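Have a look at the structure that comes next, please.
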Amino acid sequence: MNVKPDFSKGHNLAETAPAFLSVWNMEAYYGESYIVQNISFNVHEGEILALLGRNGAGKTSTLRSIARMDNPQVTKGEIWLDHQPLHKMKSYEAAQAGIGLVPEDRSIIPGLTVEENLQLAQIAPPVGWSLDRLYDLFPRLGERRKQEGVTLSGGEQQMLAIARALARDIKVLLLDEPYEGLAPVIVDEIEKTLRIIKEQGITTILVEQNAVRALELADRSVILDTGSVVFDGSAKEVLSNAELRAEYLAI
Amino acid sequence: MGILEVKNVNKRFGGLKALSEVNLSIAENSVHAIIGPNGAGKSTLLNVLVGKLIPDTGSVLFDGQSVLGRTPYEINQMGISRVFQTPEIFGDLSVMENMMIACFAKRDGAFTMQAIGSMMKERDIVEKAEQMLDSMNLADKRGMHSASMSRGDKRRLEIAMCLAQEPRLLLLDEPTAGMARADTNNTIDLLKKIKQDRDITIAIIEHDMHVVFSLAERITVLAQGTPLVEDTPENIKGHPKVREAYLGETQVAA
Amino acid sequence: MDAIILQILNGLDKGSAYALIALGLTLIFGTLGVVNFAHGALFMIGAFCAVTLSKLFNLSFETLDPTKKDFLGNPLKVKTPYVQEWFGPDVGAWLIDWSVPLAILFSIPIMVAIGFVMERGLIKHFYKRPHADQILVTFGLAIVLQEIIKSNFGANPVPTPAPEVFRGSFDFGVLLGFDPNVIIYPYWRMVYFAFAAVIIGGVFAFLQFTTFGMVVRAGMADRATVGLLGINIDKRFTIMFGLAAAVAGLAGVMYAPINSPNYHMGMDFLVLSFVVVVVGGMGSLPGAVAAGFLLGILESFASMNEVKSVIPGIDQIIIYLVAIVILLARPRGLMGRKGVMED
Amino acid sequence: FTNEPTGGTVTLGFNVPQSGPYADEGADELRAFELAVEHLNGEGGGGMMNTFSSKALKGNGIMGKKVQYVTGDTQTKSDAARASAKSMIEKDGAIMISGGSSSGVAVAVQGLCQEAGVIFMAGLTHSNDTTGKDKKANGFRHFFNAYMSAAALAPVLEKLYGTDRQAYHLTADYTWGWTQQESIQAATEAMGWKTVNNVLTPLAQTDFSSYIAPVINSGADVLVLNHYGGNMVNSLTNAVQFGLREKQVNGKNFEIVVPLYSELMAKGAGQNIKGIVGSQNWDWKLEDDGTKAFVKAFGEKYGFPPSQAAQTCYAQTLLYADAVERAGSFNPCAVGEALAGYEFDGLGNGPTLYRADDHQCFKDVLVVRGAENPQDEFHLVEIVEVTPVEQVTYDPEHPMFAGGNLGECNPGA
Amino acid sequence: MLGLNRKDTAILLVVAALAIFAPIILNLFPARSELAFFNAGYPDLMQRFVIFGIFAIGFNILFGLTGYLSFGHAAFLGVGSYAAVWMFKLLNYNVVPAILLSIVVAGLFSVVIGWISLRRSGIYFSILTLAFAEMSYRLAYSVLTPLTNGETGLQVYTDDPQVLMQAGGHIVPHLFGLEMRAREVIDVGPWQFVFPVGYYLCAILMLVSFYISIRIFRSPFGLMLRAIKSNQTRMTYTGLNPKPYTLAAFVISGMYAGLAGGLLASMDPLAGAERMQWTASGEVVIMTILGGAGTLIGPILGAGTIKYLENVFSKMNEGLLHKWFAFLPDWVESPVIWVVSKFTGEGWHLMLGGLFMLVIIALPGGLVEGGQRIMRLFGRKPKAETRTSTEPAE
């Protein structure tokens, strides 16, 4: 197992952070319930990190905390992205700093067409891929550009959500179960896309139930259980460690 | 003659033909999977079956009776229950209350006026609700505010609610999406068990081929609003067109 | 015929008042989803901006005129407005005469500021609260604002005339080939109509030709996600509120010469404006405007003797009757968007 | 009897509109009540007590008991007014209730006082019904009524505008509006005017344009606005906007008449009131001694002259106190008896009679007109004529007043 | 007890005790003291407390459980009152037929209005109910005057038929001879307590209404109503038809309103049209929210608070303030009075508006939440009252 990241150098993570994105001693609550329980991990620039764990382990909550959403509320800890203190930001500031989240429920905005959903992502700087380029990647969205986003089929919505994240110039892509509800062929497509994204130098955190698939793609993996990190190491290590797989991933 | 007979159903959304000339027959007491690419019209077809959408043309017979023109709750009372693609539960209520509502609906029908009846007297309802929660591994969450459960739990609750209604036809729209592997397996087992214990027909939409091939007795592949093929799982697995349009290269083992 | 044309004019005029108020309300209520019972109060404050400016221009110093007596038999105090003293009698008189149009300029910063303060200080905390809580808090605010105006200006209406040149009426009939004096219409009401058209056009243009409207709509549907896309939605909501307050205020300023402002005029218009917005359909600006004009015109026709003699009391209830019919015929009013305030 | 004062004090209840459109009127009434209490208790200059023909009041309270008062808000709603009056009677032990600024409230509270067994001295209420079909033995009205307005106005209108006129009525669609319209129509038709139309307008109306517009081509040359308060201010403003005041019809100047006037309405209507004729119960510019004394006392205390509502409430308070003194008892029945058929002078408007048959006051009525060039904000209206009391007196069984029953006085439990 | 669990029984008993001893509790201050001003224990106000309590309890069944916000409930109160007064006019002053008819008539009215309005939801529903109520109000004020006596309000005249009236019969509302306005006055030292008959009739009916409301909250029916509020889609796909449930809730709350209206008329036989105005509908909405929508006891608290302010603060005039603050030196007294007078007497609306804002900002759950916080301060942890838990008994 990998050595836990060393934070002993003190508070000034801006200078000392060993990684591109650092989460340090983060705690978060939904109202009174303590969900994210003192989590620390690092992500290096350009890598894909698979964040795994059972239902309710706190994966979504961790991603939402990093994206600085109102819920859950982070009460303690620090989050640094490329020397910027995310933990001091609101969600829109974090987004401008380079965080892009694809939420698990996709959060397509009702009342807006496919195209408007994408345009919306390009209002605030920094802007990423052009609409044309996105439609090239997802031709299906190009065909449906005038349709109201929420009437898309489940899989189409997933494509839209990913496209929307790419429409912004992001440094870190947070993907919450991107394969869910997608036809196997499309999953292959998306996986290819993720590799393309990786080639562009974008860092990715991938949450996925299909652990094997995720681990095959990922460089490293963090496993959560009831709100705490139980493993932090290379993806291969998980694949080869049957005990770990059985206990936390049921595979 | 199947328990569900869909004949020549068409549905358009503006210029888009979401369903065209769909014919489908589901045999009683079978597990029938509907698969197909994203946007093929699978959920739309379910919407037609439960009365959420009215088809432009065609007919839908459940047990010989037409479901068209009936409201969703009437269709449900006929014996069709549905699990949605994104969980629909009573978020403001506790898990137990969610279950009890489903049990009441089963016992008392679409409307009864028990305005001052006491819930404490409804032993049978309470017992049944608890039993269902147990079977779905939700017992320890019975008092929980259901909106604040994780999504996998919400989905399990919704399945439990539908099962509590003891439907003759259960429609599942991607029931295991987002579920951890272990729970997916549990769900498969549960569905199998229910299938054994009582007469029930299950129609399932799923992109997880593991689930599909573990459960389905017959599979219909839908593409661009039309059934491409209908066959046994074995034949579907090997069908070249299906592999090309849907399964892709990697996904066979699962 | 002339009677009908007159009533159409009346309807358009009433309609423009309704449409303007409903426009401002729908920005907050239909777009931001906040049930704002204080909107009428904003309208009222707008009208009192006109009153205040005219009072300011009329601020006077007193000199004693021993030839006349006041009501207690003491020498009469004669008042001369400062503006007349400072700028000469002509300019001073002109300022006083033109105080209502000038109040437009005066009111915009005030109303925008009120809108900002209201949103930042109060409404902000209520976006996620149930509508009922919004009702209670904005209703409380409306009462407070109303009472503040009452304690400063009294309960009685305060006459606030239009400039002299707009006081007469215009012979409209002659234009259409009628005899003189058959269809005449007050100048100021025509000004109001034109003003409403400009404001409505301006707001539409702002929301249509910029992405602002889309962003706010999106923000209302799903604040969190819009934030994820790097957009500071709070700021835009605040601007939207300021805009709505300004629209309400301007509607009030211009309304002052039509009917003397009083402290409860906001409440008088409140229910009506909600009805207009809902009949127009939640979330639809064109709907609100269309419903405003529709109800204005129908109300005018319902008050015709020919109609009243057939159905007594129809003018009392026409607005509500039409509202019921429209809402039953069309689930979301004239042009409502799906899912806005339907739960 | 109910609420017999026991200690050294007696409590009166002043129930006035403090919220809603008539709040200013209510505030003025309250000022007058406070002034009256001051005078009754021997503070201040004594005001009209000095000019009042009865000398029973000594400035030592009422029957030696110091006068206290409680106030409440009628909200100009009959329900709220009754609730407020009840609290005065049940909780504070008020033995007399006075005030109010509309007929609906007056009738409702009068009915309540009758049931509860206290005296009601009506404030501003102008409907014929208050002392007509809704009259009560325990209730007394000092204000004039719609019939009297019409009777006073008709001769003046004849003099000013001639007998050949076509009148168009706009009427507030509720009881007071109807009685007002009925009265003025009868009086003007009696002198030869024709009634072209009578249009009922909703109470909640704020913009009257769609009711005014049809007047233009109706052939009418007089517009009668049977409106009060905000309705009147708006309908008059709208009528002037439509150029009715400058209009010529049938070769005559178009005229607007507002049967019931008040200073506050004149103020609200601003310049639109110029030259418009109407009637008033009282005006501070009257020259009699009572008026002068009252205006002086009020003006010195508050800095502006009193309104007719204020004068009514002040007079009502003194009248009640005086009746108690004369009766030698607070018993409502004794007080009622002392008031019924009582003739007095010195409270403004000259000699006055509280008629026993219906408890309506009879005195001179003023016809007034909006001043063309007011010297200050207190001179917005000028007195055109003081119509003598004989001309406005009517038979108690007059059809517009018939149907009621004074009933027995009720002293309460 | 009575088919209620322990907690609900406790709530019911507390409310019952408060209602029974209200004449004492509300007259906390000796009758002749300065503070007697703040007493609320006189018949009319006590009756209003419980009557508007009934109104708000009923409203809460609809709004608190289903989330359907009716803005026209005052119409049912109004027709209830009219129905009751008409019974007085036609039969005699016995309150029993009056109250029964007022419930029935309001029930019929609400069936019609509810049946139409419930075709829409959300704000569209609110506006439909508002439209019906405003139409009723406006017609009652003008065109329907023969039926309603318009502006003045419907009242009983001596020449009314009153067919059941015997010579020398009661000429005020009574319950089989027991006059509503009869009262027992008891002096205890400097205190004075009034025990009015009418109040106790209202209080008993309020307790019955409250009991029924608890039962509804805890019944399967109540569960269904909360399900409607939570997710109508799930409801229909669970085979339940939301419409009859909401309609039943609507009619029940309409009948509560009718009962309140009938009682108002029975305590004071006059029915004014303003009872149906939108402001009156708004008032019950505000009572419910102020107290705590969806809680059992909240509506009663809200109704009491608003009626208390309306009747007590509006009576606080400057004369009184001068008396109270006379102990202050003049230069302090004047500014203090100036400030206080803005919130009392003719400024009492300012107090009301300010209170609404304050309560809802500081206590999102209304007064009930305030009560819970106080309880927590005292160390006891009461379970969140009734808002969610309908756990069946173990």
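The letters A, B, C, D and E name the chains in turn, as written, and every chain counts its residues from 1.
Operating definition for what follows: a contact is a pair of C-beta atoms (placed from the backbone, for glycine too) under 8 Å apart; a residue touches a chain by one contact, two chains touch by 3 or more.
Protein names from UniProt, one per chain: A, B = ABC transporter ATP-binding protein; C, E = Branched-chain amino acid ABC transporter permease.
These numbers come from a predicted model, not from an experiment.
Under the contact definition, chain C and chain D share the contacting chains E. Each step here moves to a touching chain, and the least such steps from chain A to chain E number 2.
With centres computed as the average of Cα coordinates, no chain lies farther from chain A than D.
Of all chains, D has its CA centroid at the greatest distance from the CA centroid of chain B. Centre-to-centre, using mean CA coordinates, chain A is 30 Å away from chain B. The distance from the centre of chain B to the centre of chain E, each centre being the mean of the chain's C-alpha atoms, comes to 47 Å. Chain geometry summary: the mean Cα position of chain D and that of chain E are 35 Å apart.
Counting partners per residue, chain E has 138, 142-143, 349 as the residues that reach two or more other chains.
Looking at chain D, one finds that residues 23, 27, 173, 200, 202, 204 touch two or more other chains.
Shared interface positions of chain C, defined as residues touching 2 or more other chains, are 313, 316. The set of touching chain pairs reads A-B, A-C, B-E, C-D, C-E, D-E, using the touch definition from the header. Against chain B, the residues of chain E that register as touching in their complex are 3, 5, 212, 215-216, 218-224, 226-227, 229-231, 233-241, 244-245, 248, 252, 388-393. On the side of chain C, the complex with chain D involves touching residues 2-3, 6-7, 9-11, 13-14, 17, 68, 70-72, 76-77, 150, 154-161, 167-169, 181-182, 184-186, 188-189, 258-260, 262, 264-265, 268-269, 299-300, 303-305, 308, 313, 315-316. On the side of chain D, the complex with chain E involves touching residues 18-19, 23, 26-27, 30, 34, 69-73, 77-80, 82-84, 86-88, 90-91, 102-104, 107-108, 111-112, 115, 129, 134, 173-176, 200, 202-204, 405, 407.
Chain C contributes residues 211, 214-215, 217-218, 221-222, 224-233, 283, 337-340 to its touches with chain A in the complex. Against chain B, the residues of chain A that register as touching in their complex are 30, 33, 54-56, 60, 104-105, 140, 147, 151-156, 158-159, 177, 180-188, 209-211, 249-251.
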